[in-house]
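For clarity, chains are labelled A, B, C and D in written order, and residue numbers in each chain start from 1.
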């Protein structure tokens, strides 16, 4: 293997740059040259390649976003688009690719592998932590810390006014962020896609809370919860909690940005490096992950086909502690 | 004067605790005892008073929210309510009050002064900075820093995807926060209550921006802007900017919380102390402020009846620099 | 079991309050009353107990430091002191204790168990992460994030001036903080107690770095490293790197404070709760920990007698990536 | 005027990049081209110039440090060096320069003006705030917020242990940072270059503090204070306060880095733009500043020859409030 390409795709997550840096430097130290593909699969089709040198990845380990940019690509969904992508990779003498992203990214990489035999290795970069084969994905730890920092601020004003606050955090399919941030902020209720949430139950639980004493109250809602998210839930509850000045806050895209935490930088450094090593070792169509603090390779397909389980023990804990 | 009361009212703002601390300690050092009233005017009516000692205000200078709590009070809008409030103050031998809050707070204090002759001094505590008689209100500097910290994170993801982001910041009547955060984050457009914003003009400006090159773009919208806020604006623009994956973020209540900045702590310390000094000096029905870095007393009524002007020079600057 | 005591001892670490909260609320939900002992073992001797109710631990999950205070105790090192401590516990009808701290704390608890048969369970609270029986200690994750946040700032000024910076992080016996922060900040060199560091080797390595190109350079030094820490190392190197304006920064006590990260809050919540559950289940003289994301009980003595190993793979990684 | 040069020099300060951005964009919008000089006066001598386009300053407003780098220059102290610098500027057709830095930077610029008639305008960029002609310098507000954030963390651990902490902040000649951070963190004592501090007085004051009650205590020391700084002061005090576990923390270079605050970004944007405007208007040998929130031009020499005064009212306030 003499030359590889690296790219980021799908929703960006903090730590992607650290993963790019690690992949580039590990490749260079193995005498493998590296092309950076800008704008993900779309850039692969548009031939938007840049040469990655040692200095190209200097001083980026601490930056949010992705220096290689990201994009959605309709063209890539068609066989013609993928064929064009492969031709561009071949023309640049690229032997294999490192794909940094989530399940959409890995599905695309798998198609390139299956249709054209291109060696591909995936690096899990998504704040949602919803990929099997790794205990944590790159960006998840940062997103949670961004969320609790915001929720701590909301707590300040909630406490000042004895208010009921509904805060929506990211997580369309999975409640990982909601669950841990709920515990970390002492939320009275945590509503998740994985657990059935009915508005009636929420109402009852909150009535219990307010029966005890005059106080503020915090409900964390994953965007994919069955109640429909914080805004819709608030509409359904407002008549019952009129005197508590219910407020809604949708944290939104701030959760994707910011300097990555120490944990995300270390994880991204390990995985970016391991991805290149896996290619050198002849692996393909796998994702590198860290399970029980050890590097682990998982067949790419399993990362999205197997549902990753929440730690339900934490749900019980949240009830005892709030 | 032997005894005063201190309270916070209206929307809380970071630095209120520093102001409470300064008022309490300045009073105590003048051999004046202090009652803290919890929950603002409602607590005045409900007789929710706590004795403030030196240690009551230890270790609070860095905390967001307000240890004295805040609330809205319907009862206080009625004469009967205010009379009850005055009776409670009298019963506790309170000679004067320090009111920390915004224009609503000051209107209430003015009524107590006019109807019952109670000496009152106001301390400007609101993130909106919309009070005349002081260059800055307590909490304004912190709110802006919270906002730019959030917007920097949004920029990360906007840049990664070349997206158009509409970010709504607080400011129902005034564009102070929007204007300075817009400059501080390099926004392409800043929409304010003070300047006429039409959706057509916004559309045209953004078309100019995107004509130049493929790039991300950031629009800061004050919640009180004529376009109706970020969510409504996005609905009106979405057909025209389909390919830019327009995203909306409403920063909301996080702007009220958090540890106050150095500037807000110093301002709050100066003003909380000056308020007590003003009472000692025999002043009443005034607000203490800082104008051109000097303490200044302003008749309470003027603080809301005179419209405070934006620095329009900055609006021009924003256009040159973005 | 009807009544337990909880205390913090030794160097404080972020998340201790979250652990106290979890222990108190778990006990109360099991109909066990809780005494909080202030100032650790010294308070046990001085009978400095406070009753812990549900509201005693409200709104503390996000606070650094420890609301129960900490202290060193010379008296406790004598048998007479420990006997007095036990008498006070008995007089207050305390059946068992939850000790939150590091190896010094656990040694003390073990003595109470061995000499007087008092049931004790330990919760690992120390930023140094140097206890066996748990993958991470409470406070470790926060300390690292505080460190990298500071080092990122130092990088800004180092890069502006092309300087050589020696930054000392905490870790007298163990290099956990130094190793991970070194990787997370892209340090050129990481000096640890676990690896032999000679000044000559450091000099040679840095000469390699500067041979490549004009640039800034960062060396992370654990305080317990053999070179004697950053200040002493700088003195030994200064003649050789005169033109690089070498600078030293000792991060020091800022690493102990601050709001705990999401990870530390969740860990502390799990362990504080598990400690009470372990007592309920009849365990004693054990520490609760999390290993491979599962709760685990470890005999208290093993927590300090068995040396916890660094992940040496990361040391290799650091060399490739810097 | 058709072409100008911009550079940063001396100690870097947060907001310098925002000033560079504003100068570049204001020049370009006036059809003036811009050379960026790297490494300050040394780069002027070494001919290290880069062309500054609109995109050269994209996405830098939030970054600490300086993209143009900074350096000390021995060569520039000699006439020969300065002559070489001027020749390089002439060769690149540069008509005038914008110098961003502190008093050392301005002395250099003044020599170029006096010896060679080069039009120069200064922008005050230094965290120390010790330049006359502007209420605040760029970086001062950020440095204070970095300092109080660190000191808040130290407070956590100080409070946990009832310790006496001596914290040294930057300020060799001036106590601006020490004074405001001292008030903002509720320090028991503030030691400044501008006020005579004798170790005996410090000892006496601290004895007063500790006489009152068992508690933690915080002393802020400017590095240029007469007691010799925090480390030396600690040595002189340690015998008297043995039982308080005195600790020292030198905040050091972290105060120079980090993302600039909203205030520093807005100030830098105004001043960077005003500097170019001043050159367009034909001014020279002046510094642009903001006094009482209005732009103001000051003869460059006055910025360092006139001593800028502390707000001594704040020193009194600190005593009342701590």
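To be clear about the criterion, contacts are C-beta pairs under 8 Å (C-beta built on N, C-alpha and C of every residue); 3 or more make two chains touch, one makes a residue touch a chain.
Remember, it's a predicted structure, so these values are computed and weren't measured experimentally.
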Intersection of contact partners for chain C and chain D: none
Chains in simultaneous contact with chain A and chain C: none
Chain separated most widely from chain A, comparing mean CA positions: D
Approximate Å spacing (C-alpha centroids) for the pair chain A, chain D: 39
Computed distance of Cα centres, chain D from chain B, in Å: 29
Intercentroid distance (Cα basis), chain B paired with chain A, Å: 35
Multi-partner residues of chain B (at least 2 other chains): 152, 155, 159
Pairs of chains in contact (touch as defined earlier), listed by label: A-B, A-C, B-D, C-D
Residues of chain C defined as touching chain D within the complex: 8, 11-12, 14, 63-66, 69-72, 146, 150, 152-157, 159-162, 165, 245, 247-250, 252-254, 256-258
Complex contacts: residues of chain B adjacent to chain D: 21-22, 25-26, 29, 59, 61-62, 135, 141, 144-145, 147-149, 152, 155, 159, 180-181, 183-186, 259, 261-263, 265-266, 269-270, 273, 292-293, 311, 314, 317, 320-321
